[in-house]
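For reference, chains read A, B, C and D in written order, and residue numbers begin at 1 within each chain.
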Amino acid sequence: MSTTTPHEAVVLIHCPDRPGIVAQVTNCLNDVGGNILDAAQHTDFQSGTFLQRLHVSWPDQAPDVDAVDAALAELRDPLQLNWRIQWSGSLRQVAIFVSREDHCLHDLLLLRRDGQLNCRIAMIVSNHAGLADVARRFDVPFHHTPVAHSGDEQAEAVQRALLDSECIDLIVLARYMQVLSPTFVEAYRDRIINIHHSFLPAFAGGRPYHQAHEKGVKLIGATAHFATANLDDGPIIEQGVTRVTHRDRVEDMIRKGRDIERTVLARAVRWYLEDRVMVHNGRGVVFE
Amino acid sequence: MSTTTPHEAVVLIHCPDRPGIVAQVTNCLNDVGGNILDAAQHTDFQSGTFLQRLHVSWPDQAPDVDAVDAALAELRDPLQLNWRIQWSGSLRQVAIFVSREDHCLHDLLLLRRDGQLNCRIAMIVSNHAGLADVARRFDVPFHHTPVAHSGDEQAEAVQRALLDSECIDLIVLARYMQVLSPTFVEAYRDRIINIHHSFLPAFAGGRPYHQAHEKGVKLIGATAHFATANLDDGPIIEQGVTRVTHRDRVEDMIRKGRDIERTVLARAVRWYLEDRVMVHNGRGVVFE
Amino acid sequence: MSTTTPHEAVVLIHCPDRPGIVAQVTNCLNDVGGNILDAAQHTDFQSGTFLQRLHVSWPDQAPDVDAVDAALAELRDPLQLNWRIQWSGSLRQVAIFVSREDHCLHDLLLLRRDGQLNCRIAMIVSNHAGLADVARRFDVPFHHTPVAHSGDEQAEAVQRALLDSECIDLIVLARYMQVLSPTFVEAYRDRIINIHHSFLPAFAGGRPYHQAHEKGVKLIGATAHFATANLDDGPIIEQGVTRVTHRDRVEDMIRKGRDIERTVLARAVRWYLEDRVMVHNGRGVVFE
Amino acid sequence: MSTTTPHEAVVLIHCPDRPGIVAQVTNCLNDVGGNILDAAQHTDFQSGTFLQRLHVSWPDQAPDVDAVDAALAELRDPLQLNWRIQWSGSLRQVAIFVSREDHCLHDLLLLRRDGQLNCRIAMIVSNHAGLADVARRFDVPFHHTPVAHSGDEQAEAVQRALLDSECIDLIVLARYMQVLSPTFVEAYRDRIINIHHSFLPAFAGGRPYHQAHEKGVKLIGATAHFATANLDDGPIIEQGVTRVTHRDRVEDMIRKGRDIERTVLARAVRWYLEDRVMVHNGRGVVFE
């Protein structure tokens, strides 16, 4: 058996809530040799839905992947079970979209280099040429795809061909300043993570720091969320804030905000790649 | 000389920005025997306005209050100076408005008892009778003024008569769940501090924790602001946040929010009573 | 079936780590009619120990308490299982020890009144008479037990008789300024929660705010921990901090610290009463 | 007059506290054409010392630097005034010392590139060769000076020659893992900023995250401070913390700590370069 055989997996499940789910799922995985390393669960009482994240290992022998699938499939009908398995041996392909600012990009590249992000960064895509140097330093392919306007169909066709060529699993919008078309977003539903430089839902839309300054708030923030067709309204994964005062000009807020943006985005991406994030009823569920 | 003679004062000034203001104001106060204990200033470059807070003592002999006023008045024309002096010997009268929840009220009463709020709490006004006991324990007069609906003219007439009877300087809306009429608010312009249980401008209006839960945010907050005719839109004095997760139900958010609400409100009221708060162009300027 | 029949319980377990524990415990509870509402677990790899908190309901019929005990007992030998069950119908008895300051006491009393603490506050014990009034307002018996010196044997005998008379389950030291003897502490091992007004292990011992001021730190804090014979060194349950600057005098730090102290202590006590706290290898494990 | 003529300056003063200082200093600067843009002050009542930071502009004509010096010198005797002027046209030379970890280094280089640090980064000095690439990417000279042991005299002689060759004003120890000798530290008194990866004074010395994990704390932190001969005991400039739980292993703490370390260090360095930091009686005074 090769050393790359997957011996661990994360299973994310959701189904209608009812007594006995934990026991049935636990037994099911136990029967195919799995040992529960960690389990976290959440019941959404409003919708009567049970969600669970199970981190499973196969301590005795390599798992029979098909047998595991088959075992879970047997719960589909009795529990109306939905599930997803991410085997530890399988590395996800990530594309990072950027424009001119590189503070978020740098953080993601450094984290990947330091082994903190469980993925391959397969490409950097930008509507500007300026960050090609940064990509080169980290040996990541850089694609400059000029965008004439938000939702530019031709540009998006080029971008989607690039994404397809590397079977991209996750797109990270790391201060990408163009709006993607609903068609694009829908094709990568719950697989595009955006960082918005405000404490959403406050200051949705453009120039949030200008809005925050105008309003005189005492805290500014950033929000990492899944992109949806409704701009700035997708399920929230993580948020952070920092204090400002009347002394902070818009440019001070921009500077202070950068630390929050990159930290919040990096955390959201890491959690996603650790299969800690689910979307339920338009809300992000994070098994931290 | 009596022990109540004021020997300290806080002077708040604002005027068009121009070179030399600090020197002129400092000299003016020096000439009438004042020593600058602390000075904080802010220039709003957008409007070209200079704002300053000066904490002044009279170390050698008691100040001649009229002479200080006259000295500052001489700067009115050359600098277009606006100013306000609060002498340390003069105690402000505060009215606290409440409804059913008492966590903010308790905090203000305890802080006052412990000498942390530089004021006299002259009355508690409520549209419910329930908190009369709390008022009695702290020996503060309690007035139950039933309110038929938001902006109830009769109720407001009663309330304003009460406020007049004690020459109230500051009204604190400590989770008072009625909307005051524009007329009432205007009469106490920049002298009504409200606590809103959300991170404004997010979730303005009613039931903010329900809105926050619906939206799936990862941080909830509270905002202390001056009341204006535009509901929940007055100048912000202070804000705070705390983390929530998908596990928090609305009632958990309400519980977690209480600690933020009372802390943020207490801080705003304390700052106001220390003359650290100015309003400029609809924004709160806080000389912390 | 009476309305007081317990239909829910929290089970805290710990045992040596090995494959299959989750499945066995889950099955065991399932077999006696229990449904897992929530489960959180932690494996301490250093010591090879598995710890779990299970929130269990009996949706179909009232649990047979003896049968549940017997079922868990069958896992004792095969898993070397240690467990503790807290049935929802059983209310713990709490004693609060205070000295002169009442900000923590007030918070606990208000939280209890508002249904946020799942316990009965059976008594307030103090080495000073000053807070008798506060106790009376909340209808809690107050016992003034003067203490001649730290570890005063006579005083502790009186205190322990009081605690015994009400079968006290938990003692909360809410700014109680006397040191309890090792004998006393040992008798209530892992059942005495203390609030220390510093960010332990920094500034252990007396006058922590004076130490913090002397040192010029930029953050001050508070620590809720179990009391042990080694002063200020017991397992930590919760900590919090707040910013200070060079402008803050010791008395400002004391004031700012109060908000942290009461919040941190209240959180620790609430978590304990929700059976979220375990002690393992001298460290607090909190299933938040 | 050339465009590089300095038209702004920051003046830092300290002297024994007495009435009238603000007026005299303000007048002095006003007399030589200076306009106070911003002033912040602090009186340390324990030692009876007055400290002030003045941001001064010359709106009408370029300042006569000698005249400004002479004017301030006239206050030396009457006020026992100490002062330091930093003219806006003069750029400080900074050396960054590193070992193997580059998260703090990257942040400083990016901030400098983005114009957020008012300095020239003249060199990177390291006891390892590993970060030469990072230096090259940012076009900063890199010097590999192997260090045999802490306080290695030969290595320090090489380092000091390098520092002298570029007239270094400030040394930043950006996770430099060697201890500098007291002689070295004394030569750059109050001009070496170190980042320690703990919330000092907790966990001074080596392997602070291991200590924090052992102790079971719920918050970890980082401290930027001036280096002194007493290791980890110099005046604190800035501190930050982040939450951890029992689930965090030492390596998780190290990862979480990195964000705090780089943010706290960057803030301290920026404040220093904006002349916001003074040292008084072993404590850092930061005019934020």
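We take it that a contact is a pair of C-beta atoms (placed from the backbone, for glycine too) under 8 Å apart; a residue touches a chain by one contact, two chains touch by 3 or more.
Note that the coordinates shown come from a computational prediction; the quantities given were computed from them, not determined experimentally.
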Farthest chain relative to subunit B (centres taken as mean CA coordinates): A
Residue-number overlap at the subunit A/subunit D interface, same or different (half cut): same
Distance between the centres, which are taken as Cα means, of subunit D and subunit B, whole angstrom: 37
Chain centre separation in whole Å, for subunit B relative to subunit A (CA means): 42
Where subunit A touches two or more other chains at once, by residue number: none
Touching residues (chain side subunit A, partner subunit D) in the complex: 102-103, 106, 110, 116, 137, 255, 259, 263
Contact set on subunit D toward subunit C in their complex: 42, 45, 199-203, 215-219, 221, 235-241, 245-247, 249, 280, 282-286, 288
Subunit C to subunit A touching residues, read off their complex: 19-20, 22-23, 26-27, 29-30, 35-41, 43, 57, 59-60
